[in-house]
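In what comes next, subunit A is part of two complexes: it sits with subunit B in the first one and with subunit C in the second one.
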Partner chain A sequence: MPYPFSKTALVPNLTLPKDAPLEKLKLGKGLMPFLQKNLYSAGKAELMHDLFSRQSPKQLRVGSIVTVLNDQAPNTFTGVLIAIRRRGPDSSITLRNILQRTGIEMQFFPNAPGVKEVKVIRPPPKGRMRRAKLYYLRDSPDKMSMLAGGKNK
Partner chain B sequence: MIGLKSTLNVIDNSGALIVECVNVLKNKVNNGWGSVGDEIVVVVQKARPVSAATQASVNAVKVRRGDVRRAVIVRTRKAVRRPDGSYVRFDDNAAILLNNKREMLGTRIGGMVSGDLRLKGWGKIVSLAPRVV
Partner chain C sequence: MFSLRVVCRHNSQNLTHLRLLSTTSTANANALTSNVGASSSKDRPEIPPSGDKWTPNSIRTGLIARKRGMIALWNDQGVRVPVTVLQLDNCQVTANVVTVRRDKSEYHAVQVAASDKPVKTTTKQMLGHFNKAGVPPKRIVKEFAVSADAHIPVGTELSAVHFVPGQFVDVIANSIGKGFQGGMKRWGFHGLAASHGVSVSHRSSGSTGQHQDPGRIFPGKKMAGRMGNERTTVQNLPVIRVDSELNLIFVKGAIPGVDDAHVLIRDAKKKMNCLSSHNQAKGLYEKVLPKGVDDLPFPAGTTELAKTLPPIIEAPSYRRSPFIPIE
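Now for the complex of A and B:
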């Protein structure tokens, strides 16, 4: 069986690239950079590169308004992008929104099979924010509403 | 992560406003933590004033300050992991009061609740809530 320690474990169908240096990898040489490049879900490598690579013109920028479409509930979540965590296949984004007078933050991992689409609704004001993480928005609802509603034109 | 002495907002119409956790029922010890969907024992710290009319009425179950009740946690400030790997975090801790038979004391819910309640078997609360995330 593919996973020798459990009969019921679900093992994803990962296909190795043809030029993978298997002998060196089995010794652990160059294993982590190899995984960072190849551990993406089917068809997600290009999406992850577009969203997270700093050279990509479509890269996600903190302070933009983003919608994430999921397979399961909540099927859509819209919010201000307050944090981008770049870890290769494990990269994630945190969106903050205020619904029913309560703030709610959700952290999504676009490499997960449940995440269908990540859409940028509005870029950040003036193209960029002056911080990498916008945790100060948790304490100032007026700055949140400025980001959410102010820059309409 | 709700434990002893944690305060929670009450978001139903039972009359309580702020409750303080005294025990997390899924743990055998006092010093455990509760999360969304866990039943806890609470003491009512702040309640809406009960007018004389509602005192006389039989229907209303209004709680008073100092009451010891059970509650279920519906929102936490600590991030809760979903099975698909995403995390949800709210800006406050909130609970809904229950009676000893796991039924709601109030009749309406006035705020958002976490979708993790469905997984833990609180479908009635999820269906009553105005917004579930």
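Now for the complex of A and C:
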């Protein structure tokens, strides 16, 4: 169908899932959870489920060493995963590394079309850390280098 | 009584038959005219027929939507865009208003109502109003000032396609209530010092007046009190995406109010209405509408129009990609 009001507007060829409760959604019931489930960028839904779902065996865990391959600079970034922010399509991860004696933190949104791959280099020691957010690593570089150095105590 | 206000309805089936006053409103109108001494029915303003093409001097009606929450989208350049999801909830036209001002100029408006509500909880007065318009009872009824050519047949159901992705809108809503707050939070006062002998009153507002002369506090003095839950307008937000299937409008950025609150959306006064007429008068025809927007649905985007358009329409980015370094 043509769109007469804007020649440059994009018309994404998206269809609602067949089991979508259309009548309820039109009333706004369960609309935001529905959008959180279905508004992933093209081809990203599976990747996002793998990384962030607590049911997924491949889910990310804080304290692991992660490499992100990106379209834009920095094309690759490796660091300790210090935070996971779960927000559906808007979920993000925070990586921390020390480069040229300067602490660098990068936040990545794996749903962004520029992010190509999120690879786990090494899982956290003993499988998991005791905190959900490892912000304390900013103030204790020794523990940080221990994680990065791979001394799985 | 200096102005004469007549709420007229015109039948959505029969556009030519524009004035269809019920007996009661005629009686009211006569009462009003007898008050001001102008008794002839010729003075009664008529609802002008709506134009079928948008002009740079047209001002369209706004819509009533409900704020559903925020989410992020990525545009064609791969830039993250935080958006607020607004949903239309049975938004219908309930009346067209024409009022003649004291200086004989005319005020035109479209009355819009949204969110169906049970007949049981509707007052008799409002029920009569809705019955006259031929729409189910609604929770919220608001009026949008329009230009004379932008009247819409009563009963028309409005759709999210009213707005074109790439255009700008103003969003009006009540802000989130903060309760009773002190001067520091409510007005940005600095409070008293943290040390130097200050005790117990670090967040105090300080002095609120002088002495025996004037012996009172001047009205309007900024003090502690209820904060928030007041009408707030956010101007010039770009429309990113429109979904006519679920009647969603994705507007970039944050919007005042709690989730599920009613919000009013209209074409941006500054970045659309003012610029259109100004640039048209100056002959800058390519700047009459924002970049990428060729035309606007006129007099409004209805559900009938939505059926002829794609269900989801998205705005591309009209700016330079931030990921390409500047040479």
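Operating definition for what follows: the second predicted complex is superposed on the first by the 129 of 153 C-alpha atoms of A that agree within 3 Å, B and C clash if a C-alpha of one lies under 4 Å from a C-alpha of the other, contacts with A are read in each partner's own complex, and residues count from 1 in each chain.
To be clear about the criterion, a contact is a pair of C-beta atoms (placed from the backbone, for glycine too) under 8 Å apart; a residue touches a chain by one contact, two chains touch by 3 or more.
Here the structure is a predicted model, which means the values were calculated and not measured.
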Task: Based on the superposed arrangement, let me know which partner A:41 touches: subunit B (first), subunit C (second), both, or neither?
output: second
First, second, both or neither for A:107, with subunit B first and subunit C second: first
Task: Tell me which partner A:72 touches in the superposition: subunit B (first), subunit C (second), both or neither.
output: both
- request: Answer with first, second, both or neither: which of subunit B and subunit C does A:32 touch in the superposed model?
  value: second
Task: Based on the superposed arrangement, let me know which partner A:4 touches: subunit B (first), subunit C (second), both, or neither?
output: second
Field: Chain touching more of subunit A, residue-wise (subunit B, subunit C)
entry: C
Task: Would you check which partner chain A:21 touches, where first means subunit B only, second means subunit C only, and both and neither mean what they say?
output: neither
Message: According to the stated criteria, A:125 is in contact with first (subunit B), second (subunit C), both, or neither; which is it?
response: neither
Task: In the overlay, answer first, second, both or neither for which of subunit B and subunit C A:89 touches.
output: second
- line: Where subunit B and subunit C land on the same part of subunit A: residues 71-72, 109, 112-114
Statement: The subunit A residues in contact with subunit B across the complex are 70-74, 77, 99-109, 112-115, 138
- prompt: Residues of subunit B touching subunit A in their complex?
  reply: 75, 79, 84-92, 94, 111-112, 115, 130-133
Task: Would you pull the subunit A residues touching subunit C in the complex into a rising list?
output: 1, 3-12, 14, 16, 22, 25-28, 31-32, 35-36, 39, 41, 71-72, 87-90, 109, 111-114
Query: Can you list the subunit C residues touching subunit A in their complex?
result: 66, 68-69, 71-74, 76, 78, 80, 85, 87, 89, 164-166, 245-247, 259-260, 292-297, 308-310, 312-316, 318, 323
